[in-house]
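Two complexes, one shared chain (subunit A), two partners (subunit B, subunit C).
This part shows the complex of A and B:
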C-alpha cells in the first residue's frame, strides 16, 4: 500500500463467540422487585403438558455481557458511516441523521395504523406530501407508497399494467425486458403471469431500437426498462421507444433504481414512462437492508391511476386527510396499511431539506463523482461500453484476467485497502464486471483514496497477482470457499 | 479447442448426436465460474429446440439451459445433485446434463461444428 496516508491500520479486534456460547447459569441482567402477590406454581395455572423445565441452549447473560457482545460484533462491520461503499446499482449514499431525529418524533413514531384518521392527520399529510413530491420529481400524476421494496414496486406496477390491459378486454401475453435489466425484472413479470421476452443491447450498451421495432406486436403488454440502465448509460432513444410502444397499445415500465442520476434534470413522465417504482432506500436516503425496511413507491400517469393499490390518501373538501378505500378498479392491497411509514417520514425529510435545487445538485454531483472515477481509472481497467456514464461506471477485469486475476479477486483485495467492494458479476452482459457507484455524498479525498487503492491493485495484479488472488489478508476471516458454502451450506448452529 | 465429435449451439450447449447427450461447453462453465447447483428436467419431459430445460447456478449468477434441438428427455445426470462441480471439472464427460431422444435429426443442421463454435467464441471475445 503505497499511500502516504495509509488508510488501514492494525487496530485490535476482539474475537467473539456466539451469544449462545457465552454466559453462565444464574447470571442475570435484571433485578425484579419483591413479589407483592401470593406465589403460585405455574403448573397449577397452565396445563403441565405444555410446560418445559428450561430452554435448551438459552444463554444467561448480564447487561454488560449483552452490550459488549453486540458492540464487539458491530466493530467487525463495514458500513456507510465508516467509509465509501461503492456498491454499484445500490446507491449506498450516506443517510443523514436528521432523518432519524424526525422519524423519532412522538407523533410519527408512536402513531398506530388503526388510529382514527382525525388523530393522525400529520402522518397522513406526510404521506400525501411525499406522494406529491415523488410525482413532481418523476413527472407523473399519482403515487402509491405501499410497496415495501423495489421489486415489490415492480410487481405492483406490472399488476397495474395487467389490470389496465384487462380493462380494455385483453391482458396481452408478453413483457419485453432488456438483457441489461436487474434480475428482479423478469421475476416480477413471471409472477404477474406474463412471459418474459429478452431484448438485446446494442454496441452502445443501449436497447436495440431496430430489433424492438420488429418484436413489438399485439401480444406485448409493456417494456420494462431501467434508465439510466445498469451500465450507467442513459437510454438515448427512450422517447422513441416509448412512442413505439404506445403506438402499438403497449405501456412502458421504468425501473427507477437509478433515479439518483436524473433528479431535476429530466423526468421519466416527460420521456414517455407510464409507471415506475422509486427506491426510497437508494435515492432518498432511507436505510438499506439490515438498517431498516425498504420502500418502493410506485408512480403512475393518469391512465393507470384507477388501478393503484388501495387505500390511497385522499383529502376532503374541508382539508382533512383520509384513507380512501373506495377504489373499484384497484389491484387491491399490496401491503398491510399504507407501506413503511417510518421510511416515508425519512424520505420526505430528505426531499424537503434539499429542495428542488438541492436534489438537482445531488444528481449532478453523483454523475460527476462517477465520471471522475472513470477518468482516473480508464487506463488501468477496461471499459466495455464507451457510451458516456451517468451515476455509475462499469469496468471489466479484461486487462487483469490476462494474469488470471478476476473481478472477485479485485473486490476482495479492496477490503485490504479499507473499502467495501463494488458490485461484481453484474450486469450479466459484461463478463468480469466491476460496477462502481460512488454517490454524491463522498468527498474528493474519499474518492481519491479509492482511486489510489484501485490503481495499486491494478499494479499488484500485474506484478504480484498472487497477493490479489488470495485476498483478503487483513480480515478476521480470510478468503472463504464460496463454492463449498453454496454447495454444502451449514445453516444451523448446534451446541457441541 | 472443443471436441470434434460434438455439435454446438449459440447458447453454448453441446449435443452428441450418436446418443443424444447434452451438456454445456468448456467456455460456458468458464464464464459461469464455480457451479453450485444444476436444476434438470424430469425424464419424459418434451421440449422444442430453444426451450429452457433447466438452470445452472454458479457463485456468480443463475443461467438458463437451452435445448439445442427438440426432443424427449430419456435420462438425466443424477450425479450432478451431489457433485455439481463435475460441470466445471469435466464439462464434456461427467458433467453431462441430459440425454434426449432427438425428434428430428434435420434440426442438427442449425448447430455448429467444433471449429465453427471455437470461431464463434473467439469472435465474442
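This part shows the complex of A and C:
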C-alpha cells in the first residue's frame, strides 16, 4: 500500500468484554425518586406465584461503566461521519444533524398517538405535509406513512394490489419479479399469498418487454420492478411495460429504493407506476442506525387509494387534522399506530431543507458522482452491463478473478485503505458484483481517494494477490470463520 | 468531473431516461428553508402537541423515565450513522451490542434465544404467528381478545391471504383470558394460542397455566409482552414456545407511536424457523472472539421467496436504547421501577374505589394499568379533566364497544402522587 493511499494505521484500541462480564453486585447507574405513595410489600398486591426470583446473569453497573462500555464498542464501527460508505442500493449519505435535533423536540418525543386529535395537531401536520411532499416527488396521489421499512412497504403495496384485484372479483395468482431484484421483493410476495415468477433480464440488464408480452396472462396480478434497477440502470421500456401490464388488467409495483437517482428528474407516477415504496432511510437521510429503524411509506395512484392501510391522516374543512379510521376497503393495519414517526420528522426536515431545486441537485450530483467513478474505474474493473448508469455502478471481479481474487477480497482490502466496502452480495445476476453508490454528499477529494484505493487494489490483485486475499490487515479482528459460527451458533451469553 | 466522464452537461447524465418521461418543471414542494427557519418550523409544530399535559395514556406505549445517558450514547455517529453490520471487521460495535440485546431479551423472557429485533410488537406477534404456522404446519390460532387490538388488526392483515384462521377468545369478569373457552376451542387443528400479559386491560395472566394447556393439546404457546418493563418483576413465561413483544417501555421515547422495537424469543430447537437477523459469537481466523450475523440462510437475501420473513432493515438503534436502559438500571433498578409502577397503580385504584362512585373493573392482579367504568357522567368528567390539562386515559369503547364509558388508565413510576390525586378528584 503506497503511503499516499493509506488512510488507516494503528491507533489506540481497547478491547471490551461483554456487558455481562462487567460490573459488580451493588453498583447502580440510576436512582429513582423517593416513593410518594404508601409503601407496601409487592407480594401483598400481586400473588407471589406471579413474581420472579431475580434475573440470572444480568449485570450491575455504574453510569460510568455503561458509558465506557458502549463508547468503546462504538469505536469499532465504521460510520458515515468517518468517510465514504459506498454501499450500493443502500444510499449511505450524510445524515444532517438538524434532523436529529428536531426529532428530539419534546412535543414530538413525548407525543402519544391516542391523545385526542386537538392535542396532536403538530404531529399530524408533519405527517400530512410529508405525505404531500412524497406524493409530489413520486408523482402519485396518496401516501401511507405506516410501513416500518422498505420490505414492509413492499408487503403493504402487494397486499393493496391483491385487495384491488379482489375487489374486481379475482385476486389472480402470480407476481412477476425480475431476477435482478432485491431479496425482500420475492419474500414479500410470498407473505402476500402470491407465487413469484422470475423474469430474466436481457443483455442490457433490463426487463425484456418481448418476454413479458409472452408471460403476462390472466394469472399475473402485477410486476414488481425496481427502477432504476439494481444495476443502477433506468428501465428504458418502463412506460411500455406499464402499458402492457395495464392492458392485461395487471398492475405495476415499483421498489423505490433507488429514488435518489431521480428526484425532480422523472416521476414513477408519470411513467405508469401504480404503487411504490420509498425508503426514508435511503433517499431522505434518516440515519440507518446500524440496521434500522427505517421507514417505508407507500405511495399510490388513485385506483389504489381506497385500499391504503388505516388510519390515514385527514383534514377537516376547518383545517384540523385527524386520523381517519373510516376506510371500508382498507387492507387493514400493517403496524400499530401510524408508522415510524421519528423518521417522518427527519425526512420532512430534509425535504424542507432542500426544496425543489435542492432535491433535483441531490439527484444530479448523485448521478454525476457515480458516473465519475465509472469513468475512472472502467479499465481496471469489468462492467458486466454497459447501459448508462444513474446513481450507482455495478462492476464485477471478472478481471481480478483470473488471479483468484474475488469481490469479497476486494471489499476486505478496501477496509485497509480506510473505506467501507461496496455491496457485494447482490444483484445475483452479476457474479462477483461490486455495487458502488457514492451518493451526492461526497466531495471530489473523497471520491478521488476511493478511486485511487480501488486502482491500487486492482494493481495488487495483479502483482500480489495474496495481500488482497488475506485482507483486512488493519482491523481489530480479522476475517471471521462464518461457517463455524453458523454450524454451532452461539446466540447469547451464558454464565460459565 | 463532467469532462472526465466525457460529457458536456448534467442533462446528458440522464440520457438513459426517455425524454418523454422527463419532468421539465420543478417539483411543487415548499421552497428551501435555512437552519434557523427549520428550527422555527419544527418548534412551532412540536408546540402544537400538548407535551405539558399530565397523561394517563398507556395502551401499548409507556411513559417511563429514560436515563439521559441513552441519548448521549446513541447519538454517537459510530452507532446511528452506520449501516447494517454486513462487514463484521468494521462493525463489531454494532454486532456486540446486538448480541447483548439478544442476551438481555433471553434473560428477561426466560427463553433460550432471541433475535436482533423486529419492527415492533404488532408486526412481531404477526411474525410469531407465521413462525408457529411453519413449525406446526397447522393454520388455526386462538387469540385472546385482550391482546392489544392494534396488534390483532396487524395479525389479521398478515393472516388474511395465508389460509390462517383466527378464533378470538373472550375475557372473564376477572379480566383474564377465558381458559374454559380456550380448552373447548383447542383441538388437533390448532397451531397455537396467543395471549398477552400484562394484557390490554393491564391484568397479569397466568402464563404457565396457558402454556401447559396449549401443550396438552399439541399447540404452541405464544406469549405477547407489550409492557416489557414488567418482566423486571413478573415471572417470565418460561414455559412458552415463543415470547414476542414490544420493548419501547425499555428506554425508547413514545414518539407518537414509533420508532419502537419488537423482539422475538424462543427455544433453541425453533431457531431455524425464526424471522429476522441473528448475531452469533464466533472467532476470527486468529482465534479472537468476534461477532457476526449468522444463520442467514433463513433470510430473504439468501432464500428469497422461501425466506422465513421478508424483514431486512429492523430496529437496531432502538434495540441499542433498550440494551443501554437495561445496563443502566440493572436487575435491582429495574425491579425498583416495577415496584413503583405496581404500588402507584395500586394506590390509584384504591383512591378511585374509595373517593369516587366509579367501578374499577377486573379484580385480577395488575401491573401499571387498570380499567375504570364511569357512570353516565363520563363525558363531563373527561371534559373537566381535559380542561385541567389531564388526559385521563384511553376510551376503551373505541376497541371494545361492550365496555361503554370506560377508561384504560396507566400509572408509571413517572406519575406523581399529586397527579394521581388530581385525576381522582377530577373523576369524583
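Just so it is clear, the second predicted complex is superposed on the first by the 456 of 496 C-alpha atoms of A that agree within 3 Å, B and C clash if a C-alpha of one lies under 4 Å from a C-alpha of the other, contacts with A are read in each partner's own complex, and residues count from 1 in each chain.
Please note the rule applied: a contact is a pair of C-beta atoms (placed from the backbone, for glycine too) under 8 Å apart; a residue touches a chain by one contact, two chains touch by 3 or more.
Quantities reported herein were computed from a predicted structural model and do not represent experimental measurements.
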{"item": "First, second, both or neither for A:284, with subunit B first and subunit C second", "value": "neither"}
{"item": "Subunit B versus subunit C as contact partner of A:486, first or second or both or neither", "value": "both"}
{"item": "Subunit B versus subunit C as contact partner of A:385, first or second or both or neither", "value": "neither"}
{"item": "Touched partner set for A:425, first subunit B, second subunit C, both or neither", "value": "both"}
{"item": "More subunit A residues in contact - subunit B or subunit C", "value": "C"}
{"item": "First (subunit B), second (subunit C), both or neither touched by A:450", "value": "neither"}
{"item": "Interface residues of subunit A shared between complexes with subunit B and subunit C", "value": "183, 425-426, 482, 486"}
{"item": "Residues of subunit A defined as touching subunit B within the complex", "value": "183, 408, 424-426, 428, 431, 482-483, 486-487"}
{"item": "Residue ranges of subunit B touching subunit A (in the complex, touch as defined)", "value": "31, 33-37, 57, 59-62, 84-85"}
